[in-house]
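Each structure below is given as structure tokens.
One chain, subunit A, links the two complexes that follow: it is found with subunit B in the first and with subunit C in the second.
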Partner chain A sequence: MTATAPETVPRHAGDTPVVEFTGVGKSFGGNTVLENVTLAVRPGFTGLIGPNGAGKTTCLNVVSGYLQPDAGDVTLRGESVLGLSPARVARRGVSRTFQTPRLIPNLSAVENVMVGGSRHFRRGHLAELLGLPSARRDEREQRERAYDLLDALGLGAHPDRPANAFPIGSQKIIEVARALLNDPALLMLDEPAAGLGAEDVDHLVDGLNGWLRERPDAAVLIIEHDLELITRLCPTAAVLHFGRIIQSGAPKDVLRDPVVVEAYLGADLAAGD
Partner chain B sequence: MSELTTQPAAPAEAPSALPAAVTAGITANGAAGHAARRGSGLRKGIVAIVALVLLFALPFVSNTYVVFVVSLTLVYAVSTLGFNLLVGWSGQIGLAHAALFAVGAYGSSVAVAAGVPFLVTIPLAGIAAALLAVVIGFPAIRLRGFFLAIATLALGMAIVELLNFAAPITGGGGGMNVQVFALPGINDAASTYFIVLTVAAIMFFLVRRALVGRFGRTLQAVRDLGQLSGSLGVSALRYRLVAFALSGFVAAVAGTLYAQLQTFIFPAMFQMNLLVPMLVMVFVGGAGSLWGPLIGAAFAIVLIEFFQDLGDAQAIAYGIVLMVVIALLPGGLTSLFRTLGSSRFAQRLYRRRASTEETS
Partner chain C sequence: MLQTLVSGLESGSWFALLGLAIVVVMKAADVPNFAMADIGLVATYVGISLAGAGVPFWLAVVTTLVTGILLGVVIDVALMRRLAKYGHFPLLLMTIGLSLALTALTGLVWGHDPRSFRAPWTGAAIEVGGGVAIGVSQIVSIVVGLLGAVAISAFFTTPVGAQMRAVAENRATARLVGVNAGRLSAIAWGVGGLIAAVTVMLQAQSALVSTLTPASLIIYGFVAATMGGFTSLFGTFAGGLVLGIIQQLVGTYISTAAQFSVALLVVFLVLVLRPDGFTKGMRLRDV
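Entry: the complex of A and B
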């Protein structure tokens, strides 16, 4: 339980991929969920879209260490993350949010955010227990950063309220702040805009843009059904359908592609719309 | 292919597989951690010190019976402090607590009989129990809910049973006498009381300090998010194991004091008839709260007086109390105070007082 030094990854500016999927396959029983997925996530925003059940969340789970693929490899800045536990992947600089926000209900918003910064505490719990000045400084610095992040994402008004007092949309933003406190090389957002009001979405977009400006070598992978948001944020988007990447490129072009239209329309018809 | 196919993919561990009522009890405990830290920290510190000084004066102003009862309350409060850390803060219903308490009581008493000074046996017994708790916790941290409860209960019972078998050292089922340590120049009861009070103060100070900071936050993350806490860079299994070790340490420290207080110990003291009231103390005080253990222990002492003549039916009576408390007061008594404090009636009182202050 000693303090583990942050496993920092050497950072290259430029256009080298932050994360690369190469031929990733995954099936549960007889169901193939991912099939030969090859995808390079470069610095900046990348969208991952597709109908329900296409395997988008499975992709995130494969990167964050919750699932091991049956085939292929996933690398973070050139190093494979396969076989690492979720905690180790996170300590290498991968953060994520969940479709439904998972916060600690009775901790305040700012303390929830602070939970995300575990790899940046230089001192261990023993130093904390003894009340050493260095441990107090860690705590103070992380608290400051957490307040700043909440501020930047438009939640600066009531940072000390318990998390369960916030509406769902705000809880999702608290989750984003928690993910950012990890100072990730890769941030993965699973439907961040679902359940958010237009104003909240603007705050979220501003906050993420501001954060990316300071970290030009970091990548943000967004799963989202709000295609307008994807078009607004992401220079590139990949479309996943039945576990396969069927198209990728600039969102505007991708969304006009007949194969993609077919996939979405087909899914909509199947869903009974 | 529907959303169903990705469902098994999602790390869909329920926040915890505890019985719903128990989880309600744990989460119903509002922002105990951050409320304790916010504002008026200095004033709270002063209140704590004044209370401590007043408690130290107790033997000079009251009789031995009162001193004994307060000592016992403090011992149970320390034990509950450890149990609450495991059950309330880390969210694991580990039921070996009475056994680890017994390890403290027997470990200390046997070591004292062998010539080790009593004060030295307090940390030693704590460390021994912490190691034992790690052994118990190693399989247990992978289990949730009822499976965790049953596994730890069985291991705990095995430990108490071992005390029976180890008759040459422990006196077996017939029990053993405890050599009571007395501070020079002070009578036994008062001396034990001073030691109990000092150790209790230290344990409360340390555990509180651990829980209001990062360690407490991380434990709560592990409790509320389960394996999803991995995505925050936190190893849930490691924190669960540390919670076992710490609660075992605290249990055994309380156990050493308990032996000094009872002066005679036997294995049957540490079975269900102790474990169930221990659970009552956690939930009456409020699982996951900071000062709940003190309140829970005081409440249990009253119950012990009540149920004294019930004999074997005691455990049943405690079980009923436990069920009633979880059903009616899921956050424990500490949450009751908070609920009352934020009730409309109390708010009106505050407002009236504020307005009279303004007008006067």
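Entry: the complex of A and C
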């Protein structure tokens, strides 16, 4: 028996979108960051790429409840998440990591991971306070899962050291473990490979693949500048440019598209290539 | 001398427990709670009234504890949460106002005469030789204080405890990763109310309490919390015990009139010499 009771999800062919953006718009002051973004994220890996400032992180913020869009809708398995607080969105099964790791510095790595397990606590707070046996068992399982996740993602030694004692790359791995402890239906990774060595990236990829094998109906949305990693992991990728989706499809094709090349490299370089 | 030490440890346990209650709320809700001792007093008076009406002792004890928890939770949900968006200062003022209001209310309902909460062991003592006797209620206070400190420390290492510390350190991040900050702050206030109820109840079983009790108890609690830098549970607990012993020594060898000033002097010294608390830097796990 697991401690988790994720909402039962109809297991259609892997094609039902986990998350859908429909005509999403967002501007700050007069500055339009997202414009009519429509995107379906299906189970498995999906890449979200684009030049700096294209609005990629804003997309994640809109899903996770951190920002509310000005237009359009965002649905998680058919239900709108608009108007929900970040905590509620997380409890519905959306987990994420951040471009700059956001860990609690004085908590140990493993405790930071445990903080992510909010989905398991829907009914457990009181039981835990009273020290009921069921709560103790859950707690032990949580802790073991936290250690296991850190291990599977390749954090290596010293999971009990405070989070701020780890280099940025390791902090990113701790964040991924924290996100996975929530057993998300949608995992959003904001530049997970930035600051990681090649070996760390391999560990991370193995860990993510392993997790996804156990959760075939879960989706992973990755923002990444490392296009090789995107090509390696994601069957589909969408390109965001000035707040609009300009292309989506298999990464190899997408990256060859002249419009995308121009967006990425600028017209001059593209012409010279 | 032994008598003085035991008395010091006894009142030190009360200070330590109240300090822990303050730190628990401070950690999760980020408010220094000046009404903590009053919450304990109201809960204790409820228990005393029940016991006086013939309710069995242990039922009265449980009711006292539950009242403490409920008071804490209600104050958080009904008052603190509404003010939270205006920042820390209004919250702080609210706890001071609450303290005054609860004291006044207690006086209105129960009067200002000192009362005691008679336990089956009240008045009993154990001879330890040399003509020295230690009160059973003193031992109860010290043991409960220790158990409370251990239980609270253990609680903060659980996943919920980790979430609570996460909320305290960085509310925004904790919420972004899905922590229900509101529920955790209600839990912290409930736990705080529980500890405060235990504290005042222990005091009422050993000595007398009145509407004057919270005013001094809260200062001692804050001195203990200051010694722990408002973060370290161990520092707070040890600080409370040390303060109790200092206070008894001052009372025995100098003057009981000097006890309060010495406590304030201790805060002054701690703040000047070790503003982060006197266990900071000992590489103990901070909460």
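Following the convention adopted for this analysis, the second predicted complex is superposed on the first by the 244 of 273 C-alpha atoms of A that agree within 3 Å, B and C clash if a C-alpha of one lies under 4 Å from a C-alpha of the other, contacts with A are read in each partner's own complex, and residues count from 1 in each chain.
Going forward, contacts are C-beta pairs under 8 Å (C-beta built on N, C-alpha and C of every residue); 3 or more make two chains touch, one makes a residue touch a chain.
All values derive from a computational prediction rather than experimental measurement.
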Identify whether subunit B and subunit C fit side by side or clash on subunit A in the overlaid structures.
clash
Which of the two partners, first being subunit B and second being subunit C, lies in contact with A:Y66: first, second, both, or neither?
both
Could you let me know whether more residues of subunit A are touched by subunit B or by subunit C?
B
Counting only touches as set out at the top, which of subunit B and subunit C does A:N31 meet: first, second, both, neither?
first
For A:W211, is the partner it touches subunit B (first), subunit C (second), both, or none of the two (neither)?
neither
Considering only touches as defined above, state whether A:R143 meets subunit B (first), subunit C (second), both or neither.
second
Check whether A:D160 is in contact with subunit B, with subunit C, with both or with neither, and answer first, second, both or neither.
first
According to the stated criteria, A:S85 is in contact with first (subunit B), second (subunit C), both, or neither; which is it?
both
I'd like to know which partner A:V115 touches here: subunit B for first, subunit C for second, both or neither.
both
Touched partner set for A:P105, first subunit B, second subunit C, both or neither:
both
Between subunit B and subunit C, whom does A:T57 touch in the aligned arrangement: first, second, both, or neither?
first
Interface residues of subunit A shared by subunit B and subunit C, listed 64, 66, 85-87, 89-91, 95-96, 98, 102-107, 111, 114-116, 118-119, 121, 125, 128-129, 139, 178, 182
Touching residues of subunit A toward subunit B in the complex: what are they?
1, 26, 28, 31, 33, 52-58, 61, 64-67, 85-87, 89-91, 95-96, 98-99, 102-108, 111, 114-116, 118-119, 121, 125, 128-129, 131, 138-139, 160, 162, 178, 182, 242-243
Show me the residue ranges of subunit A that touch subunit C in the complex, using the header's touch definition.
64, 66, 85-87, 89-91, 95-96, 98, 102-107, 111-112, 114-121, 124-125, 128-129, 139, 142-143, 178-179, 182
Contacting residues of subunit B [partner subunit A, same complex]:
1-6, 8-11, 15, 27, 29-34, 38, 206, 209-210, 213-215, 217-218, 220-221, 224-225, 227-236, 238, 242, 288
Going by the contact rule at the top, pick out the subunit C residues touching subunit A in the complex.
155, 157-160, 162-163, 165-166, 169-170, 173-181, 183, 187, 191, 286
